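Both of the next two complexes hold chain A, though its partner changes from chain B to chain C.
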Partner chain A sequence: MVQFSPEVIDTIIKAAALLGAGFAMIAGIGPGVGQGYAAGKAVEAVARDPEARGNVITTMLLGQAVAESTGIYSLVIAIVLIFTI
Partner chain B sequence: MKHIDDPVRLQKEILKKTCYLAVIPVLYSLVSGEWATLLGLLFGLLIGTLIFRLRLINIERSLQMSEGKATSFIRNRYFIEYAIYLAVLLVARKNPAVNFLATAIGLFFIKFTVIGWVIIDLIRDAFNQKLESFKR
Partner chain C sequence: MNPGPQVVLYLFDNPNLPITDTLIVAWLSVLIIIISAKLATRKLTIKPGKVQNAVEMLITSFIDQLEPMLPGEGWRFLPFIGTLFIFVGVGNLIGLVPGLTSPTGDLNTTLGLALVVFLVSNYEGVKAHGLWGYLKGFGQPVIFLLPINIIGELAKPISHSFRLFGNVVGGGIIMALVYQVVPGLIPVPLHAWFGLFVGLIQALIFGMVAIAYISVARSD
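Moving on to the complex of A and B:
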């Protein structure tokens, strides 16, 4: 069985944490793309029915506020991974 | 959600509800004397509130653009907001006077309020429907 010294194990743990942080940051891209798509569709909806403008804006506001939380989760996890280990 | 047609009123209502909800952890951290938690909560709440207000302005601006422009505009604004969140969390992590997790919770408070409000509305609607069916 291969035995690693404590320094090597520490380095592997640090590398894995940084890799995990990088992977976690991928989750920050999705909400941006989704929000942009929703905004495009909102423009289309308002153009089709201008009277529904208020309804469209509020729905989009709430949707964007909630959709963003996954991005912040990933950010929190990435920062914890980077700074804790 | 009563004011679904009026975004400004809805936003004010959400911010009001967030303030009411935030009183509990703020008072708890005040009473227990955890100043770092208090500062973190206030810091997160402040930034979360400002970004929420900024979002409405951005959405109203985006509705005056063409579809493609609005898509890229909102996407770019999201990444700017993301950078602000990153800066806030990094400051909270680096500064020992501010609790990092409390800052993250402060940033999430508006989302908790929105989700909680929707869940309460759903439960109320379901309860009213049951009540109506029992009356019949």
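Moving on to the complex of A and C:
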């Protein structure tokens, strides 16, 4: 059984927290895909019916804001992991 | 680097009444909004001047967003939603002034605003359906979805506040990192993105999501 000194344990905890923050941000893929899909569909809708541009943009922004939530959750978790250790 | 609100002073030297820098900047933005609103509406005329034209355009764009979601009641919700949008917008933009931190980069501010929206949307739901009718809406379509619907309702103010907070703080952290690596001309266009564009879009989204919550609570 290897005995670590408190400083070493502290460093390991910090390293693990920073790694965890990095891994948490993998969740950024989801909002990227979701927002891009919404924007692409909005472009299609505007191309089909240019008069509905205002309504389409409003709906798109609302949908993208909801799709963004998961990414923001992961960002908050990463911030907490970095700055509270 | 120590993020988050910094305590500037204690009110009456009482350690339970801290005054943070974000709170002071929030008061400052409220002052700016009041003074500019007073100046903009000082001399109202039938034939609008430049300033009056701009303010009227802002009001008309609010109404254009409100009317489709809350038919017939846009003017009743205009003061609430307009205040939310203007306060969040000014709060985001004031972070561009050197030395000031955005009040919206503090979870206390955004969670406070989101709780106000939460109370208003539930009040409107109770007003539209009656207390029992509104509570029964949580047991729809089948009764054992009740816990999920309640958790979903409680998650609304959390996601509403964290969205604004996360966007502002995330932009601020990226800007701080860029300033450490390349202090110079490169951060300036990034300020246009994170400060101006994201700030205004997030203010718009904050207001629009508030409208959506209210209209969903009324239309169950």
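Here, the second predicted complex is superposed on the first by the 76 of 85 C-alpha atoms of A that agree within 3 Å, B and C clash if a C-alpha of one lies under 4 Å from a C-alpha of the other, contacts with A are read in each partner's own complex, and residues count from 1 in each chain.
Criterion: a contact is a pair of C-beta atoms (placed from the backbone, for glycine too) under 8 Å apart; a residue touches a chain by one contact, two chains touch by 3 or more.
As the structure is a prediction and not an experimental result, all values here were calculated from the model.
Touch criterion met: A:V76 reaches chain B and chain C at once.
In the superposed model, A:E68 makes contact with both chain B and chain C. Of the two partner chains placed by the overlay, chain B and chain C both lie in contact with A:T58. Of the two partner chains placed by the overlay, neither chain B nor chain C lies in contact with A:A24.
Put simply, more of the residues of chain A are touched by B, taking chain B and chain C as the two choices. With the contact threshold set out at the top, residues 54-55, 58, 61-62, 65-66, 68-69, 72, 75-76, 79, 83 of chain A are in contact with chain B in one structure and with chain C in the other. Across the complex, chain A is touched by residues 1, 3-7, 10-11, 52, 55-56, 59-60, 62-63, 65-68, 70-75, 78-79, 81-82, 85-86, 89-90, 93, 100, 104, 107-108, 110-111, 114-115, 118 of chain B. Residue ranges of chain A in contact with chain C, taken from their complex: 54-55, 58, 61-62, 65-66, 68-69, 72-73, 75-76, 79, 83. Those residues of chain A whose C-beta lies close enough to touch chain B in the complex are 28, 31-33, 35-44, 46, 53-62, 64-66, 68-69, 71-72, 75-76, 79-80, 83. By the touch rule above, chain C contacts chain A in their complex via residues 2-4, 64-65, 68, 159, 162-163, 165-167, 169-170, 173, 201, 204-205, 208-209, 212.
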